[in-house]
Each structure stands twice: as C-alpha cells, then as structure tokens.
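First the structure, then my questions, so here it is.
Labels A, B, C and D are assigned to the chains in the order they are written; within every chain, residues are numbered from 1.
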Amino acid sequence: MAGFDKVVSSYEEALAGLQDGMTVIAGGFGLCGIPENLIAQIKKMGVKGLTVVSNNCGVDGFGLGILLEDRQIKKMVSSYVGENALFEKQLLSGELEVELTPQGTLAEKIRAGGAGIPAFYTATGYGTPVGEGKEVREFNGRHYIMEESIVGDFAIVKGWKADRYGNVVYRHTAQNFNPLAATAGKITVVEVEEIVEPGELDPTHIHTPGIYVNRVIKGSFEKRIEQRTVRKG
Amino acid sequence: MAGFDKVVSSYEEALAGLQDGMTVIAGGFGLCGIPENLIAQIKKMGVKGLTVVSNNCGVDGFGLGILLEDRQIKKMVSSYVGENALFEKQLLSGELEVELTPQGTLAEKIRAGGAGIPAFYTATGYGTPVGEGKEVREFNGRHYIMEESIVGDFAIVKGWKADRYGNVVYRHTAQNFNPLAATAGKITVVEVEEIVEPGELDPTHIHTPGIYVNRVIKGSFEKRIEQRTVRKG
Amino acid sequence: MALSREQIAMRVARELQDGFYVNLGIGIPTLVANYVPKGMQVMLQSENGLLGMGPFPTEDEIDADLINAGKQTVTTIPGASIFSSAESFAMIRGGHVDLTVLGAFEVDVAGNIASWMIPGKLIKGMGGAMDLVAGADNIIVTMTHASKNGESKLLTRCSLPLTGAGCIKRVLTDLAYLEIDNGAFILKERAPGVSVEEIVSKTEGKLIVPDHVPEMQFDEEA
Amino acid sequence: MALSREQIAMRVARELQDGFYVNLGIGIPTLVANYVPKGMQVMLQSENGLLGMGPFPTEDEIDADLINAGKQTVTTIPGASIFSSAESFAMIRGGHVDLTVLGAFEVDVAGNIASWMIPGKLIKGMGGAMDLVAGADNIIVTMTHASKNGESKLLTRCSLPLTGAGCIKRVLTDLAYLEIDNGAFILKERAPGVSVEEIVSKTEGKLIVPDHVPEMQFDEEA
C-alpha cells in the first residue's frame, strides 16, 4: 500500500491493532448508517473492556447490541438507551457503566475531539444531572456548562462511497454521527458500499476528506430497519 | 413572500434594516467568494460605525476595501491585513480598530456563534499577544486559551446556487468562510449566481441549509483575481 | 372530556406560523404534522440530520438510509437538506428552530421539565431533548395532566431528574393549555367539557385561574 | 555559499514521506512542491479550504473561485476535497496535517516563533500561521539565518510578538539545518561551502555544534 491508497481487503486488516480496553467511536443513529461488519468483526475478535462512544447501542442481537452479549463493552457513552432491552438491563443492574450524554453535546464532543478543541461551553444540561460536577459559567447572563472533547483509539464508520484515498460520502440520513466519528479516531476505519477511483467524487461534495481516514474496506450490508413505517401508495 | 420563499429582488431589500453601529459578518477569503454586490450596497447606503468580521478586508478599491475609503468601518475582526495598503495604514495610524484573530480561531468563533456555543478552548495563540488577557487552562498537560463566539446583526454571504428556500451550495474554494458566516447572522443575506427551484439541489450536497438564511438575491459578479498565477499549457 | 391524542396535535398545530422550522418529538408531537393549516408551509427538522421531512414512504419508497429521529422510515420534501448530527444540533443549540414540541413526565412552575428517566425504574436516555429545550425559545410541552392514579404532573417542583431548567413556558395537556410565568401555571384554555375545578384539582403546582377560561373549539373531525 | 531559495526547498523536500498531508506556507515553502521525490505521493493542504492542491492552472483553466491560501489561482488533483474554513482548521488544529512548512522573522532556543508583526512598522496579520504552529507536531521553519545587516534571527529570545510558543523543533536557514532541543539550537547540517564559524557567528541563541557537521549535498540542478 503506497501513497494514499487506503483500501484494505479483509476485516481482520481493517481492525488490526484493536485491543482490550481501547476506546472506539462508532458512527450511526439507531440502526441507520452503522458500521455493521466492523462491529461483527469486533465480536469475532473478542476484545474486551471496550469503551464505546455511540449515540445508541444497536438493538438486541444487531449492531452494537451484539457486543453486550459477551460483555465486551465496559462503558457506553450514549444519548439513548430506549430501544435495547439488554442495554437498559445492564445499565439498571450496574453491570455496564453508561455515561448518558445529550445527543447534541455528544456530537459536538466528538467533533471537538477531531478538531483540536479540548472543551467548549453549552447550555444543554445545565441544571440537570448532566451538569453535575461540571464547571458552570455565565455568558451574557445565561448559564452554560463546560464539556470536554472525546477522542477514540479507533473510529468505526459506515460510508456510502469512498475513493481509494479515503474521501467519503454518506447516503441520506445514514450520515448522522459518521463524519464526526471519522475525525476523532487515532485510527479511523471506514466501511463502504462502493469504492471508486480518486477523482470520481466531486471535491465539493465530499463529506469526510481522506486526511481523517486510515483504512477503507468494501462490505455488504443488511441495513436492518428499526421502525418500518409506511403510508398507502 | 409566503412560506419559505426567501428571494428578494433588489439589493435595497436585501440589506433593509442594516444600521449604523451594527456588526456584519462577511464571507470570503481574499477576493475569492466575497459578497461583492452586498458590500457595494453597504457603501451606497452609507451606514457608519460598522464592526466587520471578515478574514480579510478586500483590497484597495475592491471588496470590503471600499468601505474603508469613507471610514464606514469602525472595527475590523480579521486574520490578515497583508494585501491592503489602506487597511494597514488605518491600522498603524490607529484610525481603525482591528482585532487580529488567528484564521482558524476566527472560523471557529463564527461557527460557534451560529451553533450556540458561547466559548471554546484552543491552543492557537497561547503565549502570544492573541492570548493576552484571555483565560488559560490546561487539558492533558497542554495550555489552551478560551475564545468567545461571534454573532452578527447581519451576515453577508456569497453562494454559487441557492434554491428559493435559501439552501446554498458554494463553488470550489469560494466556500471558505461563507457557510460559517451564514449560520451566525441574526439576518443572513446570501447573494448567488443562480437561483433554482426547491428540489433541484441534492439534499446531501447542500452546504448551507435554508434554516440559516433569511434573504436570497441573484447578482452578477466581477470575481476579481488577486494573484493571477499560471503555468504554460 | 379529555383531549384525544389527535386533538392535542390539532391544538398544537394552531401555534404554527407560515415559514416555521419545527422539531416534533416522538409520540403525540409527531401527529402535529397532520394538522398544518391549509395554505401554510412549515418545515420539519429531525435531529438525526434532516430538514424538510416528508410523510412516511410507500412500500416502494422505503429506504433504510432515510429515517427520522424516531427511527421511522420517512421521505424528504423538495427543498430538504441532510447533514451531520453536529450540524443538526448546531441548528438546534444555536436557536434556529422556530418551534419545538415534545413530551414530558413532569413540568413545574419554574419552567423545569423532566422527561428522560425514572430512577431505578426506567432510563430511556435524553436523546436530543436536553439540547432541544436548551436551544429553543419556543417550546410546547404535550403531556397528560395527571397519571392514571390521578397524581398531578404539573408540579411545584419536578420530582424526577430534569431535562432542562427554567426553559418551558407553554404546556398543553389533555385537560388544558397553560402558560408558565413568574412561578405559576396560568390556565389559558380548557378542553371541551372539562371544568376549571377538575383542572384545579389535578394541578399540584401554583395555578392562576383567570376570570374567564375559554373552552377549546374543535370544528374539524378528530 | 548560502542556499538559494530553490535549494532551501530541495532540502525541505527530503523531509517528506510517502502519503504525507502537507501544508506549505507562502513564499519559499510553496516551492517545496516542485521537489517532491519521484515515486512519492504527498497531498497539499491549503488552509482556505482545499486538500489536494494541484499546479497553477493554464490560461484556459484559470478560475477565480479556485485559489490557495496565498490567493494564487491553482488547480486540484484527482482525489482532492474542498471544504469550509472551519473544517480546514479542524484538520489543522486537530493535528491531522503531517508536515507544516512556514517562514519566520525570528525563532529562539525555546522553540518560539515570530512571523506576523514588527511593531510600529509592519503588520501582516497572523493569517493561519498561529493555528498551523499550534496544531502541528511536525513543523519546519524556513528563513534566512541573519538579516541583511548581519543580525542573527536565531535568538535566545524572540524580540518580536510571537506566533507560537515552544512549538518549533526544526529550522532550515540559508546557512544551516538546525534542530531545537532542551534550550539550544543543534547544528545538524551546513550549506555547501559555509563554515561552522560563519554559522556560529550568525547565531545569537545558544548553539550546540557536534564534532562533525555534514555539508548538505545537492546533486540536482537548483
């Protein structure tokens, strides 16, 4: 692999170096835009004691939910537990440490991690349990709390298309946390539906510039739907 | 004008409400992607005592430079003075107040202003005159300074295409500060080369979602080049 | 009679204005989209990164990559835009959304809201709700006025962990529309056939009852 | 003999590695792009929002909407991306750029750099330089070793307002290549035909001179 070609050919290679106790930032919202094959590979590798930063934790039996089954996750940093019985159970029983983080704060903490911003202030969570123990500061007569950024040893990302240099575009709302996660991993791994040659993606349409990406792999995806809602045609 | 149709038909209408003493955030880098007709309209209106937030201040006789001629600008917040003799002269003589701000900090301050983040920490400028009088804080053994966000009474933005709802795309590096400025104006005015119907822009390619934009106007542009550099064909 | 879910949505819809960008929470708030007054345009923001949410898709249109914050499959309207979660909450936190409608377990006279956790019993997580209430000037909370046991959810002080402090000014329950001002609920409207006495009895927090409390009118079928 | 501008660029280019993302400042640093070793790929970042900068355009290709941070008209290479200034400095501040090359008025033994202002005389502004030096672990400063009057620019303590504090570890002047460590300049290489004595005499800050100081070799035409 020379120059900027970041394509790897196996999931083993894609996650080489992932070890017990590491922090992994995962893209996705619900089951939309989740790096499902990379998650499956983490299960296969059997690494333990992970801190996983992800808005949700999949569902029972799919997505990040499968890492709860064998207790591979020590700690979750998430905004929502709602649709995952095992997640809620492990949380309520205290088996799993969970840092519940407001969704916008979580997004901004990850962005800040990638952008070299160690901390920022937000009104979100002031006066609530989220604000407890955090520095409070007034700007223009309003109270804000200080939130620190998040970086990961690995970031696992699901894109739509990537070129060999690691430039990524996302499809519809499968974008969500993915471009943020991509900026904040010491090693960022992106799995995509299609790999194209450099120059095939319009430079102004690229959501994640390749500078953030270390490895790219082509996968095939189940794309399970959580709430199948339809209207009559 | 009903619903989300934000198109106005005259530059008078585009900048209606702009008054003496207001803060204006302007997109553009050098002379690339500057809202040249909106700037010309500000000159025509003759408003005074403006605080202008812009990476540069145009050049002598073009772009924001023309607002220096009649002393319409009280204060500039910029990162670079280099290519503008009148700007440098008024700065050195003290006629013009200038808050020199590192380029990345300036970009982030404007983004933060639009994003409801009142302040953030950055290592940029620590130990330099930029850091003087600012709070210093250590994170993971490194020093950072606190920078506060910027919001404008008006933001003036140059886009390539916009739809009637104010969704904007930028062309090449004429993007620069424009999408940031667009988020941070109480009233955001975008001038573009072409107005299209809603639905004509791909939703995932939109750089500035219409929620940030109050007025859209179609203009024609000189697009002056500052450093015309060529190679032999 | 207490308002139906649909009537709650209909009443909230009257607070819409032409050109509003609106974020509708999961549950009853979602139904508001069905009652946008004719001739009025509003655009729905979904915090997972979509501005300009359309109706549910037909079977043919279903796309796993296009969902709303409730994880439901949706469509986009012409003029929609799609972006990252950071951009989505920049909009929300930055105060660019004109109206937010969301549910709650409790609200109190100080404008506090609790909606995400019942200690020892239930943890849904706050999702985007804390950002939404912190970012919006213009929030309507929809909720039932009292629990099934008759315990008031409009309190002197929320008993559950808060979602936001001092941020709620308008509450629509199944019994009444109320505003919160200066440390009290102010009864503005009552549901058809619901007496002021019933509302008083089911409101634990300080309640100001004006001389005249109009009854809500619903001409439309609900 | 002191290095030419081109030789300075050639020497810097030897610090490039295959797959490096590089930000080149205005002036001499820009010339480094002309000396990327054969078979090696580097990608140029321009802080106005371009990753994958190509050569200057032909007359036919010139586009006012496509410039670099020096405001020069440029082109893009296949695989380029274009983004906002906030995203551009997220890359820079976040430490994602592998190598930054920029000019300076002065550097000192503490790794301080001054490059944007001479009080009362000249204010260029810092542009992106403060972000670049704060964000990069890997910076090479290119500058003349002394002023035309012979005054050293490699100092015990910078006299001009700083661009960054304690961030510079490598300096390439027209006379020498030096590293900064533990409060001193360490002389690593000298320009062809330049004596150690000349370098010593033109270096005001503490200078460590190893027993052997190799002379730079330039095989290529410069």
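Just so it is clear, a residue touches a chain if its C-beta (ideal position, glycine included) is under 8 Å from a C-beta of that chain, and two chains touch if they have at least 3 such contacts.
Keep in mind the model is a prediction, meaning the values are calculated, not measured.
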item	value
Between subunit A and subunit B, the fewest steps along chains that touch one another	1
Other chains in touch with both subunit B and subunit D	A
B-C against A-C, pair bridged by the larger set of C-beta contacts	A-C
Relative to subunit A, chain with the most remote C-alpha centre	D
Euclidean distance of C-alpha centroids - subunit C vs subunit D, Å	56
Subunit A and subunit D: spacing of chain centres that average the CA atoms, whole Å	36
Averaged-CA centre spacing for the pair subunit C and subunit A, given as whole angstrom	29
Residues within subunit D bordering two or more other chains	82-83, 89, 92-93, 134-135
Junction residues of subunit B, two or more chains touched	108, 111, 115-117, 122-123, 171-172, 175, 203-204, 207
Touching chain combinations (by label order)	A-B, A-C, A-D, B-C, B-D
Subunit C residues touching subunit B - in the complex, by the definition given at the top	18-19, 21, 40-41, 43, 45, 51-52, 76-83, 87, 89-97, 134-135
Complex contact set, residues of subunit A against subunit C	29-33, 55, 78-83, 88, 91-92, 100, 102-108, 110-111, 122-130, 160, 171-180, 207, 223-233
Complex contact set, residues of subunit D against subunit B	46-50, 55-60, 62-74, 82-86, 88-89, 92-93, 112, 117, 120, 122-131, 134-135, 161-166
Residues on subunit B engaged by subunit C in the complex (per definition of touch)	2-4, 111, 113-117, 163-165, 167, 183, 197-199, 203-204, 206, 209-212
Partner subunit A, residues of subunit B touching it in the complex	108, 112, 115-123, 137, 139-140, 142, 144, 148, 169-172, 175, 203-205, 207
